[in-house]
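Structure record follows, encoded as structure tokens.
Letters are used for the chains, namely A, B, C and D, taken in the order the chains are written, and counting of residues starts over at 1 for each.
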Amino acid sequence: MTKANRNATPRLDEHPGEGAVRGTQRMEIFADAVFAIAFTLPLLEIKLPEAGPGFGAALLDLWPSYLAYILSVLVIGIYWAHHHFSGAIYRTTGHHFLLATLLFLSLIAFIAFPTRAFAERLSDPQTRETGAIFYVCALAALSATWLLKWKTGCKTNDVDDRLDANYVRRLTRKYEVTTGLLLLAAAIAFLRWEAGLALAAVVTLANLRAPETPRYIEEAPAIEGDT
Amino acid sequence: MTKANRNATPRLDEHPGEGAVRGTQRMEIFADAVFAIAFTLPLLEIKLPEAGPGFGAALLDLWPSYLAYILSVLVIGIYWAHHHFSGAIYRTTGHHFLLATLLFLSLIAFIAFPTRAFAERLSDPQTRETGAIFYVCALAALSATWLLKWKTGCKTNDVDDRLDANYVRRLTRKYEVTTGLLLLAAAIAFLRWEAGLALAAVVTLANLRAPETPRYIEEAPAIEGDT
Amino acid sequence: MTKANRNATPRLDEHPGEGAVRGTQRMEIFADAVFAIAFTLPLLEIKLPEAGPGFGAALLDLWPSYLAYILSVLVIGIYWAHHHFSGAIYRTTGHHFLLATLLFLSLIAFIAFPTRAFAERLSDPQTRETGAIFYVCALAALSATWLLKWKTGCKTNDVDDRLDANYVRRLTRKYEVTTGLLLLAAAIAFLRWEAGLALAAVVTLANLRAPETPRYIEEAPAIEGDT
Amino acid sequence: MTKANRNATPRLDEHPGEGAVRGTQRMEIFADAVFAIAFTLPLLEIKLPEAGPGFGAALLDLWPSYLAYILSVLVIGIYWAHHHFSGAIYRTTGHHFLLATLLFLSLIAFIAFPTRAFAERLSDPQTRETGAIFYVCALAALSATWLLKWKTGCKTNDVDDRLDANYVRRLTRKYEVTTGLLLLAAAIAFLRWEAGLALAAVVTLANLRAPETPRYIEEAPAIEGDT
């Protein structure tokens, strides 16, 4: 191997601490691929009706499947947009942060199932309560793993340390409130599923809003000015 | 973290406005993954015939499934080629542009279903009209979300502002005409499905042609010449 | 947008000719994703036997499914390794080269189906001839689209023009011979399927060998020395 | 093509030896995509129960499917974290290293099947022994292909040659011990499946720990100091 190649690609291996700390690019590619598959797979669950005179009506009768697809795509899409956003806030990936990310992603891949349990069984009065409780609980669990991932990233210093501490605090608070409200929604769903579902819907849709633009420590460059 | 690492990867976080504006790379990776999955999944819907003396004939009888696969691959492939092309025209991704992209991608993932409703039911005289109408409407909706994505990108300044304004206008016009003709095709399909389908086919295949080479503002480099 | 960002990422938009010519990275990511999905999906076709005393024997009886998986993975893996290799030989991607790549990738995604038609029906004497013919024809068609992609890339100057002309000629020759032999195998398969299959197997396995290391024009850097 | 573009992206084509040796980025993207698909696909095997009064109980009765999902995600997740880690240890990818990687990835994609054979048949006393043996054997085979990949990478000099030799030796030893113990677990499973399974579980979970931080030859930069 030539000297030029040896030095060509700088690595982040020098970090002490937990195993090997690296940049975020490969973690993002893996996460984006999981998001993309979770986003696309629910389509496979929509079954084409048989040919015949009732074909048009049968296509319309598939509305619970369409609804399941729309809900899956909406929730996964919102999380992806925020994951995309936080990709620039994280700076490195240590082993424990990777494990927390994997836990979060396993729920992203799973969410399509409770979504179907809710949407595809919504038209059956005996079944829809159970489906709705399952769905709201799954949304709360997903939010909790997102919060866990964020807290792990903060604790292991994988979050960009040039960020303004108040900004990081506001973000932590926002994620905590979201998870707290969704856990509350899950508890309410056991009592009155419509109320629990409504709260979960409001909290989830609130995340359609753009996240706050990151703020950085203004003085940092000045302090490091001697380099 | 060392100073070198802190400064290693520049980010686009400085943009004011809607949340966090970033470069296009991660959005493109996610979009390419969704395209790739949508491109490949339709194969799973081709069911292998049982063994026996009629195996060869049964393989040939699968032609509606092969046709559905070819049509899916063709439409998704054409959109991918144009998305690949426009990847170099966009410069940044804001939150609202991401949401518009997610809407477009959810239809890319969905298009395989109406394609099958059309192609796999084409041999049944009672069913094919409904399947064709559904398919042409889905093509029109897909085109409309592409246009929406483009207009959102223009409005939020995610489109490269060094592009020649006339070039951007011609592109906008082209997308508007395509969507308009497909909406017309959908309307016609309700009256005479063969005519609507034929118009949709012509408009779609017209996009096999290469897009116009981007044109940039000639004077810009001169103005910025002092850098 | 700041000046720094405007100039940050250089684009290849300046190329005249067919639409927008770009670097190969995004095409490679899309292609790699299609390869990865085509590589992984065949597993879904292996159906878990029911519980009961014959479970062990039922798992062994699945050998045609395992064989189909192994053959899919082998053929797609070999093509991926060569596509990975040629990724460094291509330099740019024009619109027509993208279309040829999409045609090739649609066959990469499709190949799992004829593979199953052959492997999963191999134990049935009445069916295996048809399955084998279908499989060998599909291998020939796949090789033909690979050759088409390569020839398109050469014709549209998407192949790195710093490569030694003799090296490019040897590569073209190799792809032509492979496709020719596979077309011959397909023809033979209609007469004697075992012979056609054996020839196709030998030609395919020959591609497990490493491709020749690329050779570049020695004088080129000297000519460009003044930069 | 302009001179600037010609020289823009440096390639690693100059390496002599087996075919074309390249950087690791594209191999990592392909591998990450296979990991992501293998990670996400098992969800498709969880079948939604029918609507009706027993819906809640039916959802709980799916625990073997949930267990299969959790086990798949756990094993694939652990391997991904280590593959992510070793991505910075490898420096280049030659043809034979690519083939060894493909073999490893084909088992990553396959592992979901023996996982289901174990977890989804665990409640049946007549079946679970067979399922457990199959699962432990598959874990041992997966570990063996990981070891093979690592040894191939070492042999073909694709591992970063700036790494401390003792560090590389410790890693090799660790992979050998893991594979040895899993092969032992597979042998034990044939005698007493509970014991074999327990050993395999302990060995697998031990890999949840962070890998050792890479160590580099201290003197190397000094020797190359004149550059």
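In this text, contacts are C-beta pairs under 8 Å (C-beta built on N, C-alpha and C of every residue); 3 or more make two chains touch, one makes a residue touch a chain.
Note that the coordinates shown come from a computational prediction; the quantities given were computed from them, not determined experimentally.
*Asks:* Taking only the C-alpha atoms, how many degrees of rotation bring chain A onto chain B, rounded to the nearest 5?
*Replies:* 90
*Asks:* Same or different for chain C and chain D, when you check if over half of the residue numbers at their contact belong to both copies?
*Replies:* different
*Asks:* State, to the nearest whole Å, the distance from the C-alpha centre of chain A to the C-alpha centre of chain D.
*Replies:* Their C-alpha centroids are separated by 24 Å.
*Asks:* Do you know which chain D residues sit against two or more other chains?
*Replies:* 12, 15, 29, 33, 36-37, 41, 44
*Asks:* Under the touch definition given earlier, write down the residues of chain B that touch chain C in their complex.
*Replies:* Residues 10, 12, 14-15, 23, 28-29, 32-33, 35-37, 39-41, 43-44, 46, 48, 51-53, 55-56, 59, 69-70, 73, 77, 80-81, 84-85, 87-88, 91-92, 157, 161-162, 208, 210-214, 216, 224, 227.
*Asks:* Can you tell me which positions in chain B touch chain A when the two form their complex?
*Replies:* Going through chain B, the ones touching chain A are 1-3, 5-6, 8-9, 11-13, 15-20, 22, 26-27, 29-30, 33-34, 36-38, 41, 44-45, 93-96, 98-99, 102, 105-106, 109-110, 112-113, 116-117, 120-121, 123-124, 126-127, 130-131, 134.
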